[in-house]
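Each in structure tokens, the structures are laid out below.
Here chain A shows up in two complexes: once beside chain B, once beside chain C.
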Partner chain A sequence: MIVAERAERAEVRAESLTVTGPAGDIVRDLSFSIRLGQTLGIVGESGSGKSLTAKAVSGLLPAGLHATGTVAIAGTDVALPGSPQAWRKLRGAGVTLLLQDPFTSLSPVHRCGDQIAWTLQARIGRQAKGTRKEIRAKVIQHLDEVNLPAIVARRYPGELSGGMRQRAAIAAALAASPRLLIADEPTTALDASNQKDVLELLASLQREHGMAMVLISHDLGLVRGVTDEVLVMYAGLAVEQGPTAAVLSKPVHPYTAGLQASDPPMDRRLQRLIVIPGRVPEPGRRPAGCSFADRCSMASAACRRAEPRLEPAADGRAVACFNSRGPIALAAPAAVDERWQRGDDAPLLRAHHVVKSFAGQLALHGVSIEVHNGESVGIVGESGSGKTTLARCIAGLERPDSGEILYRGTTLTRERRTANQIQVVFQDPYSALNPKMRIGAAIAEALRTSRSERPRTVADLLDMVGLPAAFVRRYPSELSGGERQRVAIARSLAPDPELLICDESVSALDVSVQAQILNLLSDLRQELGLSLLFISHDLAVVRQISDAIYVIQAGRIVESGLTRDVLRAPRQGYTRRLITAVSQ
Partner chain B sequence: MTADLLTTVAAPGVRARRRPVTLVTCLVILGLALFAALFGHLLYPSATQVNVLQAQLPPGSPGHLLGTDQLGRDIVALSVAGTASTLIGPLVVAGGSMLLGTFFGLLAGFWQGKTDFLLSRLTDLLLALPVVLLGVVVAGIFGASYWWTTVLLIVVFAPYDIRIVRAGVIEQVTKPYVESARLLRLSPWRIMLRHLLVNLWPLERTNFLLNYANAIIAMSALSFLGVGVQQGTANWGRQLIDGEQILFSNPAASIAPAVLIIVVACAVNLLADALNADDRKAAGR
Partner chain C sequence: MGGGHLPDGGLTEVTAPADVASPALAMPVRGRSTASAVARLIAWRVTGAVVLLAVISVLVFLLTYLSPGNIIKNITGIRPVSPHIVAELRAEYGLNQPLAVQYLHWLGRFVTGNFGRSIEDQTSVSQLFSERVGVTLLLCGMAFALAVVVSIPLGVLAAVRVGGLLDRLISVTSVIGLSAPAFAVGLILLYVFSYFLPIFPSSGSGQGLADTVYHLTLPAVTLAVGVGAYIVRLTRTAMTRELRSDYVTFARARGLGSQRIMWTALRNGIIPVITTMGLVLSFMVGSTILVETTFTLPGLGMLLQSSVEYKDFAVVQFLTLFFATIIVLVMLAVDLSYLVLSPEWRWQLRR
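Now for the complex of A and B:
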């Protein structure tokens, strides 16, 4: 009896968690438990219901969504949706949610110290004046725990870097001493090197505080390194659940295997990335039977008749699949021979000693790069290193203070630029398309700028990027992120440019979609003889797409060469740091 | 992202029942006002005829539901007949100022730099002018004409519109879809009309409706000062000023037009709100 109660108090449980929206069930019958001091990873593509699971467990579902099921945190049960009183008791000391974007999760008009103090005050109650000094001391102690100096207490969030801000947010979250910390993509907005630090910090704090942690992420590498158990979600359902080591290294469910396989490796370049075709079905539009059947290579007739339930499988895991009976051997696609020689021909593009400053701050200290015909060149660096500024100068979206952009040997001026020279695919697929313009109209408009003698049609372009011709009548809001990015690529290819700049074009996408877009880009490159300038912070992605890379740090090129050589034997400490941050 | 999408879609469901009522009420009120503006003079052809024998009748007098004013004109008839002059001028004001605001706001926001500097200082200058004083001066020079007052109000309202549109444009031009259009070397006019304007439309529409409500009040206020509308013309603002003198013998003479101004101005404002809420819903599709 006592033993049972103790076990109860030492874990966090969610039972038959279901979240219902206007269109149908978004999360269905999800159950998990985590012992205090352990971490559960939740992975899946966007639209799989990860974030809403986190919101349901912390009682923060947006209006219009309804949750049922039970959440039990260290002995306190709440039957969902739960009254505001019940949640007020449970939040803070019970459960705390750490969000992705430290820019919006901290109040911009209050000092960081005050924001940590609020949590403390809520916990110990607003007491007499005597405690103010204590609270201040406690705030500094909490900041110290996340390796921030005491001075940060007096700073506003806007005065801190992204990594420091996320640390301050962690300090505020932990000030309540929660039993359960839910971290929803806590490092996605950070640089690779910061990601690693913040993640290690979270793991060590979790051990010290003996909390349970739920880590939600689309990054399998990150989940593999930190979590004890993992829950793979697809279309609102748990499809595979169990010990992290077993699930991620020997996946049984085809979806887990697909996610694993589409994660690009950094140590070699694959001929072709493995993808999961299609997209996550929306709530209310899920097919009968197994939701994953349409995208599954192992699907049989049985999969479309009935829905598989979670059943115990090898290594203490549970899997919801009729057909897969054992670990799926991960296909190892052939690596490409990267021996490649830069041609002796005159470069297509030459940026010569480009200098650019913003408000007196130098962003580029005289950067020079070259891109030859048909070549794919990567530019890698942390955020703030100047890589995007360089791309914008080359594209003509910013005017360099000095230096030259030469295209086929002539200096590009505003007047000499034409649409068939350089086009850009931007990072955010959601703002890259005019929300009030149909896809067909957007591509047709771009096509009119083509000077080709045999102009393509809108249908040609949609076909080229792997979208059905019926998409012409759709608005961007009716498309998924990956589909929008395809449209953006189609539009940028319409004027037949010779150089395509991809500015972090795949970093906002899920790994499975990222692999699709990367494959598409290499196909287009071969088909059209396109040159690529690929800007990214992700070295594994760059390895897959670029022949040569430039490493940029604080507005200076610090290293350059063949991608293979630079990643195998980096000469600069900065490059080494970028590489170890990714490979952990 | 998913969460955002769902909230915006879900929110209207919660309030679905309330908004149509407001929307329908506003549309009915504005429909009646439009009807009165178009056909008021046919309903009461002799609304402005002076009949001194029947002057200053209190509300509830036989044949005169709200009584008469000091010239013996029936308040109900006068109010209906005054709808056109009260509501059409402001419509022109709001429309004209929207056109000016859109044109100059787009120019300033899109080109920024020198164009923006010049236009912005010019709007600052106009914003500093005292409206009422300007109205009195213009009336002194050109006579207290209705259409001169309309033109004056367009000039006075436009700077606000220019600023609002400019701010909207500046927010949009840094978005990748506009930058993509620039990279396609589309002409600036095409970018402004085909890309920016459609995305500024919710802002423009709200601003137009708010301006319309403000212009009704501003024009009535100027008429109250005797600037906007000639004496003897049927106009709610004019009625307010004339009714003040007989406030004790027939309070309805000034209360009726005051209530009408408030009701129409509110209906326009609530319509703007309702349309905006629909827009937010559509944005989350």
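Now for the complex of A and C:
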């Protein structure tokens, strides 16, 4: 009896967790358990139901969604949805949820120290005023734990960098001393080097505090190093679940294998990235049988008739698939020869000693780059390094303070621009399209700027980016992130440009979709002879798409050369840091 | 030395140190730079307010000329006047001089506190003003306090219960309050609370403070209805947005009490509400005229109304400029209140 109770108190369980929205079930019959001191990773593409699982387990589902099932946290059971009183008792010291975006998760008008202190006060109750000093000391202690100096207590969130804000948020979350910490994409909004630090910090704090942790991520590589168990979700369902090492190194479910394979490697360039075709079906629009069947290469007639349930499989895992019995051998696509020689021709684009400052602060300290005809050139650096400013200067969206930007030997000025030859694809496909405009109209609008003799048509452009012609009548809200980014690319291709600037164009997308877009960009480059200026913080992505790279740090180019050479033998510490941050 | 060294893998420009310590701990420096930035901002905004007032003063001065009819006619009314008297009047009012000179003289008199005389009853404008300003200020103050004290909690309540019955009730009521003209509300209140249920007086401003407050209760409620309805809607919109924000979710996730969460959200949500206070005040100035007329209160609104009727320009000019000054000052105060309310603003000043 006592032993059973102890085991009960030392674990966190979710049983038959189901979240229902207006359109149907979003999360279906999910069960997992984590012992205190262990970490469970939940992975899947966006739309798989990961975040709502987190919200359901912490009793924070938005209005309109309904949860059923049971959550048991260290001996306290809650039958979902659970009364507000039950959750009030459990949230904080029982379960705490750390959110993705450190820029919005703290109140902007309150000092960080106060916000950490609130968590402490909520936990120990508001006691006599004598404890104020103690609270202040504890706040500093919590800040120290996340490697932040005591002075941060007096700072407002807006005064801190993204990485520091996420640390401050972690301190605020841990001040509650939770038994279960759910971290929902805690590093997605951060720079590569910060990502690694924050992740390591979370892992070490989890061990020190002996908490159970759920780490939600779309990034398999991130989950690999720090979790004990992993749960792969697809369309609201667990499709593969088990020890991390086994699941990720020898995936059995085709979806897990597909996610793995579409993650681009940094050590070589692949002929073609492996993709999972299609998109995650929305709740209420799921096909009969297995939800993954439409995207699966192993699907058979049986998959369309019935939905597979989780069944025990090799290495202590459970898999929901009729056809895959053993580990799927990950295809190793051929690497391509990256030898490449820049021609002697005059550069298509030449930026020469470009200087740009904002309100007295230098963003670019005399940056020079070249892009030749048909080349794909990468610019890599962390946020704040000046890479986007450079792109905006080249695209004519900012005017440089000094320096020259030459296109085909002619200086570009605000008055003399070649807007049609240079086009930009931005990072966020959600805000790049007017939500009230049908896709057809949005592309037609871009076509009107074309001065080409043989203008393309909307149908041509949709076909070029691999979208069905029927999409002309759709609104952006009906499209997935990847589809929207395709539309954004179609728009940028409308005026028949020679140079496409991709500013972090794939970083907001899921890996499988990211691979689709990267393949699309390679194809377009080949078919149309496009030159690319590819701006990214992700070296693995840049390896797949760029022949040459410039590494930019604090507004200066610190290293440049062939992508292969720079990544194989970086000469600068900064480049090395970026590389290790990716290959964690 | 350009960017053309790529193929041999050479460095383009090695100007940065090879290894820079992690910039994560680089903090913005506070201190004097903030203080001077704030001082600059205040100086800038005050200058703006002065310029704005100068422009308004020109417009107000030109009122006399822009209004239909002859100035002398306006002064003399319908009485028949000889050319001799007209000439005398022109000289007396300085109408023979160039417009710019007239303006400067007028402004000079204004700045030195000589606001002229009422054409209507020949008392000085400053005397008329001081007799009536008290009632209007008290009326506006009571109405504003009432509106804030009732509306902000109602707006918050509607936001907490967004989509619920209470929210719909509050929202519908506020739409009615917003669209009902002040004189109509005033007449209804008069009928109900001074005729049907004679609790409150129907006119006059009373003697002594307590009696004045008693007399001003119904007018203040009338004035507060429109303003309050507006504040309810503002607060509801702002609070609905704040309560859906990430920091509220994160606060709940950490087990914070609902009271603490409400205060945190309110502290964030109040910023846009305060920003529109300038607008609220100009709305109130307009409504004062209607309310004072409805309740026959001897305040500035009624004075303004009768002066416009009689084309009593000295009074109209003074009152217009007075209300404009008040509104400009409130706008200035709202602008500067940002410095207190929004820390983001404070440290962004340094950039």
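Basically, the second predicted complex is superposed on the first by the 582 of 584 C-alpha atoms of A that agree within 3 Å, B and C clash if a C-alpha of one lies under 4 Å from a C-alpha of the other, contacts with A are read in each partner's own complex, and residues count from 1 in each chain.
By definition in this document, a contact is a pair of C-beta atoms (placed from the backbone, for glycine too) under 8 Å apart; a residue touches a chain by one contact, two chains touch by 3 or more.
Owing to the predicted nature of the structure, the values given are computational and were not obtained by experimental measurement.
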* A:86 contacts which: chain B (first), chain C (second), both, neither? -> neither
Q. A:63 contacts which: chain B (first), chain C (second), both, neither?
A. both
Considering only the touch criterion stated at the top, classify A:488 as touching first (chain B), second (chain C), both, or neither.
first
Give one of first, second, both or neither to describe whether A:110 is in contact with chain B, with chain C, with both, or with none. second
Message = I'd like to know which partner A:528 touches here: chain B for first, chain C for second, both or neither.
response = neither
In the superposed arrangement, which partner chain does A:203 touch: chain B (first), chain C (second), both, or neither? neither
Looking at the overlay, does A:550 come into contact with chain B only (first), chain C only (second), both, or neither?
-> second
Figure out whether A:434 sits in contact with chain B (first) or chain C (second), or with both, or with neither.
first
Both chain B and chain C touch chain A at residues 62-63
In the complex, the residues of chain C that touch chain A are 1-16, 18-20, 22-28, 163, 244-247, 249-257, 260, 264, 267-268, 271, 341-344, 347-348, 351
In the complex, the residues of chain A that touch chain C are 58, 60, 62-63, 88, 91-99, 101, 104-110, 118-119, 121-123, 149, 151, 155-156, 158-159, 161, 163-164, 169, 172-173, 175-176, 193-194, 197, 341-342, 347, 350-352, 358-361, 365-366, 368-370, 548, 550, 553-554, 556-562, 565-566, 571-574
Note: in the complex, chain B contacts chain A through residues 1-3, 6-7, 9-11, 13-14, 175-177, 179-186, 194-195, 198-199, 201, 283, 285
As the complex stands, chain A meets chain B at residues 21-23, 26, 46-47, 49, 51-52, 55, 62-65, 395-397, 417-419, 422-424, 426-428, 430-437, 445-446, 449, 475, 477-478, 481, 488, 491-492, 494-495
